[in-house]
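Presented sequentially are two complexes of subunit A, the first with subunit B as partner and the second with subunit C.
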Partner chain A sequence: MAGALHFEDIKEGDEAPVTSHTLTRTDLVRYAGASGDYNPMHHDEIAATAAGQPSVFGHGMFSMGLLGTALTDYVGAGNVRHYQVRFSRQTWPGEELSTKIVVTSKRVEDAGHLVDLACTLANADGEVKVVGEATAVLPSRG
Partner chain B sequence: MAEDDLKKLIGKPMSKSTVVVERGPVSNFAVAVCDRNPVYRDPRAAKEAGFDAIPAPPTWPFVMQAWGEFAEEQPGDKPKANAMADVIGPLMAGGGLILHGEQEFTYHRPVFVGDVLEGEGTVVDAYAKESKGRTMTFIVTETVWKDAKTGEPVVSSKFNLIHRG
Partner chain C sequence: MSAAEPATEVDDEKFLARLKAFEGRTVGAPTEGPDAVNQAMIRHWVEAMGDENPVYVDEQAARANGFPGIIAPPTMLQAWIMRGYKATAELAEARAEGRRAVGASPADDLMHVLDEGGFTSVVATNCEQEYRRSVVLGDRLSVSSSIESVSTEKQTGLGIGHFITTVLAFTDAAGEPVATMRFRILKFRPGTGKSTAALSGPPTAGSEEPRPLRPRPALTHDNAFFFDGARQQKLLVQRCASCGILRHPPRPACAVCRSFEWDTLEASGRGTVYSYVVVHHPQVAAFDYPLPVAVVELEEGTRLVADLVGIEPDAVEIGMPVVVTFVAVDDELTLPMFGPAPA
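Up next is the complex of A and B:
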């Protein structure tokens, strides 16, 4: 819940709880509907294999969204001020995707009590799918 | 496409849009990114968490035009040409693959259900690189969303699209 984590509660090197999720074709269909992204590579197995892909594959923005869910679970909904990722690999149905979010720095600025985080999403073999960084503003007890 | 032609795109308008943020689509989107936090669907939970309205998950701004861009709300001075589409269209006609390379959001405040947001997109960078004998064309666009009532900035979305020839 928003406000649960305070600036004083964390230190550099702390890690957010890991979120793990096994990607299903249903996830892809649900994300297609919720986002309006109907690129057939993400839901039409026939079209995807015809295009030379082994199967349908996940939307990059689903990966960013899943990682974003772990991020807001940690820092609180509404507290993210900056969130940036690079999409490095495709995701495939059946893969277990796990988040890793590490506190890289803490700082106090006019904007508030800020925390910087390194964020990655990887499969069970450690293949990184999405790598990025985020900044959140946290409530302070000070 | 020649490097000089790509450079000419920088600063060109891409889109202008007015978007209404509604509860159903936001709540549904939260489920789609595996987010079960009740603040995204129950106004009572949102209030308890200190919000005046239901907030949207961080990546919502990427999809909100698909849900809340109503014809009668749109600005009359939309750009006639979409600089990004003008480049990508011909490239795709010659084959190749479109990839989403990077995505970045900068938030001035959360987006809330009930917001009416006005966005303007421009091309902020365009360049080509050779990689393994293929031409990679990079187009970076930025859309700045403002609160239609106050004019205050809400969120900026930077989108890095790659065409792999």
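Up next is the complex of A and C:
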């Protein structure tokens, strides 16, 4: 890992490195096993189409985790205090999902040196799948 | 009640009362997850996610980053208390047979009531997590869950349904709080969606219909400059060439001095939310919902109506500083929209 990100290293408007991931059905099977979420809509094509879905689709929590990975890669694992998302669209196998994380504000409070971040996950057409926000506490050199 | 029989209003009220009875219900004692936090499950999870952070798999790297040992990814939280495949399968079997599964929770019972009401499909809509400390190898997490709210019937893009919000409080073996999670789902009637927009379908689906375009502005001699400006990433405001008053939306004459002479001013794009609404209904397929729309007061002094982007509808506040961003909504149309201004 690169050196830990400090409060003084960032300013409003800064963006975290983009991470991209092309979703596969195998990802969904792996994630079902890893998370314990066995809703058949996410791995059983027959059940999903019978329920009126065009195919299996990604777990919302998988999308939240993908975006969370980019978040922890940027601010450091263990530094995220609050992370909330809205699942605006379903994700589909074959889609390339890319993260966008922007620093929206910095503040110093009793809780420490806090940064707020706007987080989105979108496909290659720019269709937003997940929109969220996070707050992290960063170490300070001060 | 089945989806085929139209419900009467009395039925609807009874059904809603059944749903509302679940609000505030909790599962008695905290329930312990099936296994301690362990390396094998963490490895499965980070591999599924493509997360290569070494603090989740390498003791030395974790210590070098200030942790007491290997930690679990924060968003993996829920995995430690999921009941697993066997219990999930038993629950599905019981539901199919119309009986209550052994160990069914109030949340399971609520799902059953909704299934009976024809709201058989489910999709996650929101998740919020707050972390008190990192979860470490060996942690035994327990969860207390409660049903925070059950909405009235809502028309959504996916269909008619009810939003269910559940709160999960995670504690460790000592009973100390570790994290909380608020999770909202939509249980909806399949096939009752008003819009195809929310369900765009996979890129490979042959039956996929292209998303309809946004309505076109009616271009006139007076307003064409505004949309031309937006295409060039400029926010242009009409200004009376006689008295200098700004006006929007564009129109032929000055309301103050009645002059027909006008030019344009390039606005800074900075402003504040003067007023706003969040549109839920009616839904038009070309738009995403809920859709926050604001009256923005520009720092130059006039106001305009625009979509808000990059902000949760709940977070919009009157008076908040916003800044313009130009969104190419399709190949032909670029519109100024506003997002939260960096402080």
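Here is the rule we go by: the second predicted complex is superposed on the first by the 139 of 142 C-alpha atoms of A that agree within 3 Å, B and C clash if a C-alpha of one lies under 4 Å from a C-alpha of the other, contacts with A are read in each partner's own complex, and residues count from 1 in each chain.
As a convention for this text, a residue touches a chain if its C-beta (ideal position, glycine included) is under 8 Å from a C-beta of that chain, and two chains touch if they have at least 3 such contacts.
What you see is a predicted model; the values in this text were computed from it and never measured.
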Combined model on subunit A where subunit B meets subunit C, clash or fit: clash
First (subunit B), second (subunit C), both or neither touched by A:T69: both
Partner chain(s) touched by A:L117 [first = subunit B, second = subunit C, both, neither]: neither
Contacts of A:A16 with subunit B and subunit C, given as first, second, both or neither: neither
Chain touching more of subunit A, residue-wise (subunit B, subunit C): C
Touched partner set for A:G36, first subunit B, second subunit C, both or neither: both
Partner chain(s) touched by A:Y83 [first = subunit B, second = subunit C, both, neither]: both
Touching both subunit B and subunit C, residues of subunit A: 1, 19, 21, 27, 30-31, 33-37, 60-62, 64-66, 68-69, 72-73, 76-78, 80-87
Of subunit B, residues touching subunit A in the complex: 25, 28-29, 31-35, 37, 39-40, 48-51, 55, 57-59, 62-63, 65-67, 99-107, 110, 158
Residue numbers on subunit C that touch subunit A, as the complex places them: 41, 44-45, 47-51, 53-56, 61, 65-67, 71, 73-76, 78-79, 82-85, 88-89, 120-131, 134, 182, 190-191, 198-205, 207-208, 288, 310-312, 315, 340, 342-343
Subunit B contact footprint on subunit A (complex, rising order): 1-3, 19, 21, 27, 30-31, 33-37, 60-62, 64-66, 68-69, 71-73, 76-78, 80-87
Subunit A residues within the subunit C interface of the complex: 1, 4, 12-13, 19, 21, 27, 30-31, 33-39, 41, 51-52, 54-55, 57, 59-62, 64-66, 68-69, 72-73, 76-78, 80-90, 92-95, 104-106, 118, 120, 123, 127-128, 131, 133
